[in-house]
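Chain nomenclature is as follows: A, B and C, assigned in order of appearance, with residue numbering initiated at 1 for each chain independently.
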């Protein structure tokens, strides 16, 4: 999938909280199938992601979906309900009004895709961090969203779990779901994304194809960021 | 989640049913009475005999006389069994009760420290009260509009002591039942007026003892009244009347006379009409 | 000190002898207060969850109100229920006064604010953690409130227990609406009050010790259940 038609348009988007400007005048079009949002800590990566997903309401500007798309989100720390892994995956489907036999089937299929069918009946909170994140991915995936937002999905995981989560994200993308993720792991961005949004102090200062961003960053802040991150 | 909710609802209903079911099955009447009859143990002695003879259970709510009459006035009792003749007669005159029958009497006693600092001992209650007021000896009053409280106020008035003018720190208006008032008096070593039944059944006497008894003015009349069914249609008229008739019968009067604590008779039958 | 020792021994004897009257009084106490707790949880917990999650005018007023009502005087509740259930009152026709049902109603009213206020606190904390995930999955606020209640069911036992503790220990409300009728509405606390007023202080204290033991037993059972559940579900 190349840089296709824009499916999300941000128009002078801004967010001010308690007088502090967190996102400032962001205008851009997202058309890529796999987008990574990069930037230093505190630059506003997660906030931008939440604005896109609609968890936060912008204080200025607007976002525009040329065609309405179903969305899902996976967070840095998976929120697991105190029930089985399977019931956690089913929960999202239940909210969509999907009835038990189909619900169970789809949830089970999602667990299989993330490699956890054996854990279906285990209490979700008793699973390891990596397994919990995979259950969260299954929960999002079971809903077959057209866009999946991921906020630092591997930040709290060990390398092996991170690799597994990355594999799942690539599979979700391969199934046709658009991916927008924040990460501070540049290797991961490079492995997964087609396009990079670089954000600095609440402004998106660069939007480039991934190879171009890593080889020839245009903005000074991005150059500086890459030099610091890759010594 | 649905399962749990159903379970909770089921538990709840069961609990409520159990609780109310137990209350609903037996044939019973509700009697508003005084702490003195309940706490002296008379009812524990009397009621099982009546229930055995009639099949009617008696539920006693023991309050001060004023409160008991008020409860009956609201229609929450079938029968009133209290001891304040003037208030009882007014209750009937106001149409809340059918008629008042005297059942029995006991007597009030003046309780005080056995050392009797106010030197009240004797047989004249009015003289003793005057001495207490003169000496400003600590005195505990029920202050709860009970029959005993009403009697106490009558004695002060008859003794010529104007409480409103002379009430000082020596006079403790406790606003409590007979038992709590006795506990207070025991801990303060104060005088107080009590009915003999409650006194005999009371365990925490401390240094207190009877200082005045036997004055005929100390007689304490108990009356029984059927709550007026014309005013409160749900009153269990037949069963309530059965209880009253039994109390006034030779059998009932004998049971009352038989009740003793430490060999001492507490209540003296006084039914004027001895039927059956 | 002598009196307390006497009471301890008396309490031991009462329990050891398997006194039938004592057993029925303890049973009624548990029946009334557990029923009231159950009802209060059914009413108070959803209410607390909605207060935690909801956004509606008057929410803050309600929160303050419930917090304040945690200190409701039992006598006032008793009086209120008495006036409602009295034959002369609006619900008099049901003849509930001086029955265990009346006591359950009074205790339920007494502890609903406790359960609701504590549940609100607990759900609000969970809401902070779950909010984005639940909203992302498309849960309405009502739905989120129910989910948080279910998910917090083990920690919510604390609010239920607080309500139960208050219910089983209060005497003012049950005395007025129950009437302390021997064998019908006499519970632990009204018995203690009665024995105190009869001046039998050792017996009253012995009954008090038994009451404390019963409350401790219920709390221990709840604690163990919670421990087990937390081990199992995390």
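To be clear about the criterion, a contact is a pair of C-beta atoms (placed from the backbone, for glycine too) under 8 Å apart; a residue touches a chain by one contact, two chains touch by 3 or more.
Predicted model, so just to flag it, every value in this text is computed and none were measured.
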{"item": "Shared interface partners, meaning chains that touch subunit A and subunit C", "value": "none"}
{"item": "Chains most often in contact, by C-beta pairs", "value": "B-C"}
{"item": "Euclidean distance of C-alpha centroids - subunit A vs subunit C, Å", "value": "46"}
{"item": "Subunit B and subunit C, separation of their C-alpha mean positions in angstrom", "value": "32"}
{"item": "Between subunit B and subunit A, distance of the C-alpha-averaged centres to the nearest whole Å", "value": "78"}
{"item": "Interface hub residues of subunit C, defined as touching at least two other chains", "value": "150, 153"}
{"item": "Where subunit B touches two or more other chains, by residue", "value": "none"}
{"item": "Subunit C - residues contacting subunit B, complex", "value": "31-32, 34-35, 38-39, 41-42, 86-89, 92, 95-101, 103-104, 146, 150, 153, 179-182, 184, 194, 196-201"}
{"item": "Contact set on subunit B toward subunit C in their complex", "value": "1, 4, 8-9, 11-12, 15-16, 18-20, 22-24, 30, 35, 39, 43-44, 59-62, 74-76, 177-180, 182-183, 186, 201-205, 232, 234"}
{"item": "Sites on subunit A touched by subunit C in the complex", "value": "50, 53, 55, 71-73, 75, 79-83, 91-92, 95-96, 123-126, 139, 143"}
{"item": "Residues on subunit C engaged by subunit A in the complex (per definition of touch)", "value": "129-130, 132-139, 143, 147, 150-151, 153-154, 232-234"}
